[in-house]
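Order as written gives the chain letters A, B, C, D, E and F; numbering starts at 1 within each chain.
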Amino acid sequence: MTTATQTCPECDGALTIDDSVRMSEVLECPGCRSELEVVATAPLLLALAPEVEEDWGE
Amino acid sequence: MTTATQTCPECDGALTIDDSVRMSEVLECPGCRSELEVVATAPLLLALAPEVEEDWGE
Amino acid sequence: MIRTAVFGAAGYIGGEVLRLLLGHPETEVTAAVSSRFPGKRVDSVHPNLRSATDLTFCDAEQVPECDVVLLATPHRSAMALVRQWASRTELLIDLSGDFRLKDADAYKHYYGVAHEAPELLDSFVPGIPELHRDELRTARLISVPGCMATAGLLALRPPAACGLIASRVLVDGRTGSSGSGATAGEGNLHAERSGAMRVFAPVAHRHEAEIAQHTGLDVRMTATGVEAVRGVQVVCHTELAPGADHRAVRAAYREAYADEPFIRMVAHKRGVYRYPEPKILLGSNFCDIGHAADEGSDRLVVIAALDNLVKGGAGNAVQCLNVRMGWPESYGLSFPGLHPM
Amino acid sequence: MIRTAVFGAAGYIGGEVLRLLLGHPETEVTAAVSSRFPGKRVDSVHPNLRSATDLTFCDAEQVPECDVVLLATPHRSAMALVRQWASRTELLIDLSGDFRLKDADAYKHYYGVAHEAPELLDSFVPGIPELHRDELRTARLISVPGCMATAGLLALRPPAACGLIASRVLVDGRTGSSGSGATAGEGNLHAERSGAMRVFAPVAHRHEAEIAQHTGLDVRMTATGVEAVRGVQVVCHTELAPGADHRAVRAAYREAYADEPFIRMVAHKRGVYRYPEPKILLGSNFCDIGHAADEGSDRLVVIAALDNLVKGGAGNAVQCLNVRMGWPESYGLSFPGLHPM
Amino acid sequence: MIRTAVFGAAGYIGGEVLRLLLGHPETEVTAAVSSRFPGKRVDSVHPNLRSATDLTFCDAEQVPECDVVLLATPHRSAMALVRQWASRTELLIDLSGDFRLKDADAYKHYYGVAHEAPELLDSFVPGIPELHRDELRTARLISVPGCMATAGLLALRPPAACGLIASRVLVDGRTGSSGSGATAGEGNLHAERSGAMRVFAPVAHRHEAEIAQHTGLDVRMTATGVEAVRGVQVVCHTELAPGADHRAVRAAYREAYADEPFIRMVAHKRGVYRYPEPKILLGSNFCDIGHAADEGSDRLVVIAALDNLVKGGAGNAVQCLNVRMGWPESYGLSFPGLHPM
Amino acid sequence: MIRTAVFGAAGYIGGEVLRLLLGHPETEVTAAVSSRFPGKRVDSVHPNLRSATDLTFCDAEQVPECDVVLLATPHRSAMALVRQWASRTELLIDLSGDFRLKDADAYKHYYGVAHEAPELLDSFVPGIPELHRDELRTARLISVPGCMATAGLLALRPPAACGLIASRVLVDGRTGSSGSGATAGEGNLHAERSGAMRVFAPVAHRHEAEIAQHTGLDVRMTATGVEAVRGVQVVCHTELAPGADHRAVRAAYREAYADEPFIRMVAHKRGVYRYPEPKILLGSNFCDIGHAADEGSDRLVVIAALDNLVKGGAGNAVQCLNVRMGWPESYGLSFPGLHPM
């Protein structure tokens, strides 16, 4: 299993991604815990999934 | 420095007492933390100092 | 307006007495006594009274004539004040432990010192409207019971009076930190007291004598300080007398408390708040009581909860005052408590 | 007696509205709406009301004619209820976020959805007696501000109105857990939320828009959940305008709030409670405000505190109702808060 | 390194097992099972492990071969996992209630459902090093007792084994909110659970059966949820057998526990922390035990405290693992607890 | 084994130093100094050490020769001890405020008294491994920064050093009650301090001078006591320098802290613990740091959290000791913290 390194579009942190990654798979950035969707595989392209809002303190 | 072993009058726990102990000295039992006053030295005799009450929850 | 004077007014019970009397339609506060803070504003110690009063503390010597004296000072100091004031005022209400026990020997045993006014012990009417309402109507001296004692005796009296309790009762009391008053000490430091489950009286807590006196039971009490500022709960463990059952227990409570304005029976099968719990009672004068049976056994478990500074002290004193004056019992005591809290 | 109906009555704000209306001398509750608990007793959800009422919840469809409708439901659901009830009742008071912002675009920005009744936005009078007392006397639709917003706008309005503030204001809000309502969720689990210092909105908390709207300032807000059930505090950081000084700031507050029944200025040099702090305000309708200067600099720090469910919501709504009806403003709102707590 | 797999790893006990195994010199975690969070980082649920591991949760089906399986799932679910894993691993440690009671009828009575693997009940060695150290050395299946049960049985076993207890024992258990797991529910909402003194089991708490089983006593248990996240305390009330005295009780404890690495006798005459209290034990594997006499009576009161997630669960499991593997018993368990806390 | 002596050992920082040194593989404690408790067992004050040591406190005069002296006494008293011990020991680590500020005038301004050993100020190496690791390797005198100062300077130094911060920084500090030490006082009484949001320093908290010194920024600090025993959090508000952006900020942190064993960057998009929060850090030596941008503005908000008694004091001292001795930095500091808590 070979791996590639990508940069998280949210936090610029390093993401180690293994080759077996598939289209539409959702990855979690270890730096900021964003959910990143694989929107293309060759070359690999990641897109941010929407953030979950907390609804507090009204 | 030689030591002797005595039993705490409050909790029966073992007390290690060294020879240099003097009359009126106050020792602390490691088992129950009672304060024990040396009331005689030959032979060694210990007496309980009065308990400190907490005044709670009136 | 009835003129009142409060001794120990800078303490926790004293502050609560002030709050209730200042919000009461028939009373005014003519003196708030403190030896530490004479001349200082009352609200500099009790910030919740900022909008309620411009009163300042005074020395004991400066107390003017008044109709009612309330003592919220430590035990022992109350004895002297009673001697001084009993004849100078229409009504004296003592919130300390000094005149709760009718027996001077029991006082000596539980408080560690001899009583200095044993001849007055019989003159005090117990400040328990639920048990002594008629006597309170004409009382000149009233002694309000201790906070956990109030919870315990209100919890146990109905089944005890009906002969439904066979045996010794174990009363497990839990209390917040205001129960030990406003005196800073190593054990009351926030960092030490916070999150505590401190069994400060594994056996022989003083309040057991009060509960025994008012119920005739053999009462043994254990007390634990838990994380809370206000609030007291007792869990009482005992056994039913031969022939007694839980239906009889329920009837005893109904009979005793059906018309009581500040007692509620709480033993629910659903919901989050099934048994009495102090947190929803804070600031209120209620004592909630509930009981449970242990299927296939003779056990009886009774639970009671109250705010130690209100029904466990200042509120109970005001309720006694209302009874004594012939006012509606809820005067000054209408706050129902908060949820959530 | 004025007949009221409360929507969202099983929630925290709804429960507090019920407590206050049940203790109010001029109102009665004719309907407490809940879709989850129709037919259940109100006190099965709000145990503090055990002695206060035998009312049961009803469905939205079962609400009878009434004089005043109070909405304590989440934002978005309030819009629909407003459409439905605005014309059927003499007075509607909305406690949700739906009609607080006058600008539908701002609503969209801060709430993430388009407003569905933008044409009604201008018909609502802000439920802030301190700023809109006269309009409230004749209002038919009232929108009560958010809890931290209330603290923030009451804190900042006087110096802002007098032109004493030069720059952007940073509002640091701290809130107890009841601020997020009675809905169980992972983050509100006791074991997770207990002891928290949770910066849930490092930037751009919704209430900043409300404070900006009522003060005309450039407001940026950060919000942290701290260990408490009730209570909100804001600490506002800003700079004095050229030529302004702290004496002018003090005068601005005195001018604005001298006669306000529920605002107290608190900035003391001694004592434990020197600046506004929520814990002594729980259950009360006060908003305490204090300010401080940073010697040799142009900084202005303003602190305000209130109970989010009372002055930050239900109590403020009742105060508005009192203004509207011409009743004394303190009707139903006389509880002063507790000490210790 | 011994390879371990943890089921229920996203729960509170599971998280604590992970913390201890990750800090243990002889173990590694090969699988952390969660059905809700497969693929997510373990530290997204347990933020204290942020620096300790990059592990992600996996599904039950993905668990690889391993040496030790630990079950931290709810009762009932454990039974099925035991059937599946008992023969596939060298050692299985169950932390649920499924294999604690030796009697399937008692299980039915206390858990409300029939046991589905009664034939395995006898194969489990109780996970109590203090009572079953020798059997644990060769165990293949270990069942760790409940949190309050552990406190209660360690508190009562020595005097019971010496015949010093005459009568029924009342065990009063107090617990923090983590005792009910990570599942959000109305009653565990912070605003409801905070400051609670919730008597959730006035009688017949499940753990009474476990304590009875390990001590031979007639045990009746009451349980109250108090304000705390972690921590359990039991206060046990009973009477001495005829002829027994407190000196004999002390001797029984000394005899039983003198060499135990995680039991400490605490009954002090001075200081703030005189009896066992959980707050100074959080994170540690100690069980503190103390007893008190009621002068002039036959009463015996025993108090014990521990951290429900450590000595009351995960820590005890790791201690059992250490015994089983012949490692020093304190491996991975050396954290002493904090003061102040 | 390195022989250590701890002054102020009966205090909160002193107790934490003892806990860490007793669990450290290379150190032993030869003296624990207390003037109040000489001859008493250390665990009578710090009950968490019951199993860890039989040490008793000694008087200052009884301290034997030793390799390292740690001062955990109040400021002012440390100066005298430094004079006395600086030449008699290989290494002295001061945890008080006496040698943190390099400028004697600033000391006078913030501490209200003249410095009595200004000539020694320059001899102290700041006890901040992240900024002064190389100097610490050969230091003879180390001064550990204040608890909130540590959080603030670690939070702000990387972007400051890279020139990314344009303006004044407002540091909002929140602290638990252990931050004010073990001294009982009116304001630290549990019933007063519990549930507090006490703005005890609306402006000009001492730690602002330390943060300014280590970052070169214009720092203004406000501090609030919140409900917690341990734990400190700072929220820093500032603006980006012209040309700077958040990507550069992230890079600055990555550059500065990538290899730091006790700094973790925490700014998550999901989960309950998105930003730094003290409760999961209690007992651990981590400082968690996170930052947030306010979309469409130049604001930068940085949040940091730590345990004031560990990374904010005793743990940091031990980390410095490890650096100085050439030991692994995590020796004695491996506890990761607890969840839930």
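Just so it is clear, a contact is a pair of C-beta atoms (placed from the backbone, for glycine too) under 8 Å apart; a residue touches a chain by one contact, two chains touch by 3 or more.
Small disclaimer: the values here were computed from a predicted structure and weren't measured.
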Turn needed to bring chain C onto chain E - CA fit, degrees, nearest 5: 180
Most distant chain from chain F by Cα centroid: C
Proportion of interface numbers common to chain D and chain F (over half same, under half different): same
Pair with more cross-chain C-beta pairs in contact, given A-F and B-F: A-F
Chain whose Cα centroid lies at the greatest distance from that of chain B: A
Chain centre separation in whole Å, for chain C relative to chain B (CA means): 40
Whole-Å gap between the CA centroids of chain C and chain D: 35
Chain D-chain E separation of Cα centroids, rounded to whole Å: 45
Residues of chain F engaged with two or more neighbouring chains: 12, 44, 178, 182, 186, 191-192, 194-195, 229, 268, 270-274, 340-341
Chain B: positions in contact with at least two other chains: 33
Sites on chain E touched by chain B in the complex: 247, 250-251, 254, 265, 267-271, 274
Of chain F, residues touching chain E in the complex: 12, 15, 19, 23, 44-52, 178, 182, 229-230, 264, 266, 268, 270-273, 280-284, 286, 288, 334-341
Residues of chain E defined as touching chain A within the complex: 39-41, 44, 54
Contact footprint of chain C on chain E as seen in their complex: 170, 172, 174, 186-187, 191-192, 194-200, 202-204, 220, 222, 224, 226-228, 231, 233, 235, 237, 272-279, 292-295, 297, 299, 301, 303, 305, 340-341
Complex contact set, residues of chain F against chain C: 12, 176-178, 182, 184-186, 188-195, 229
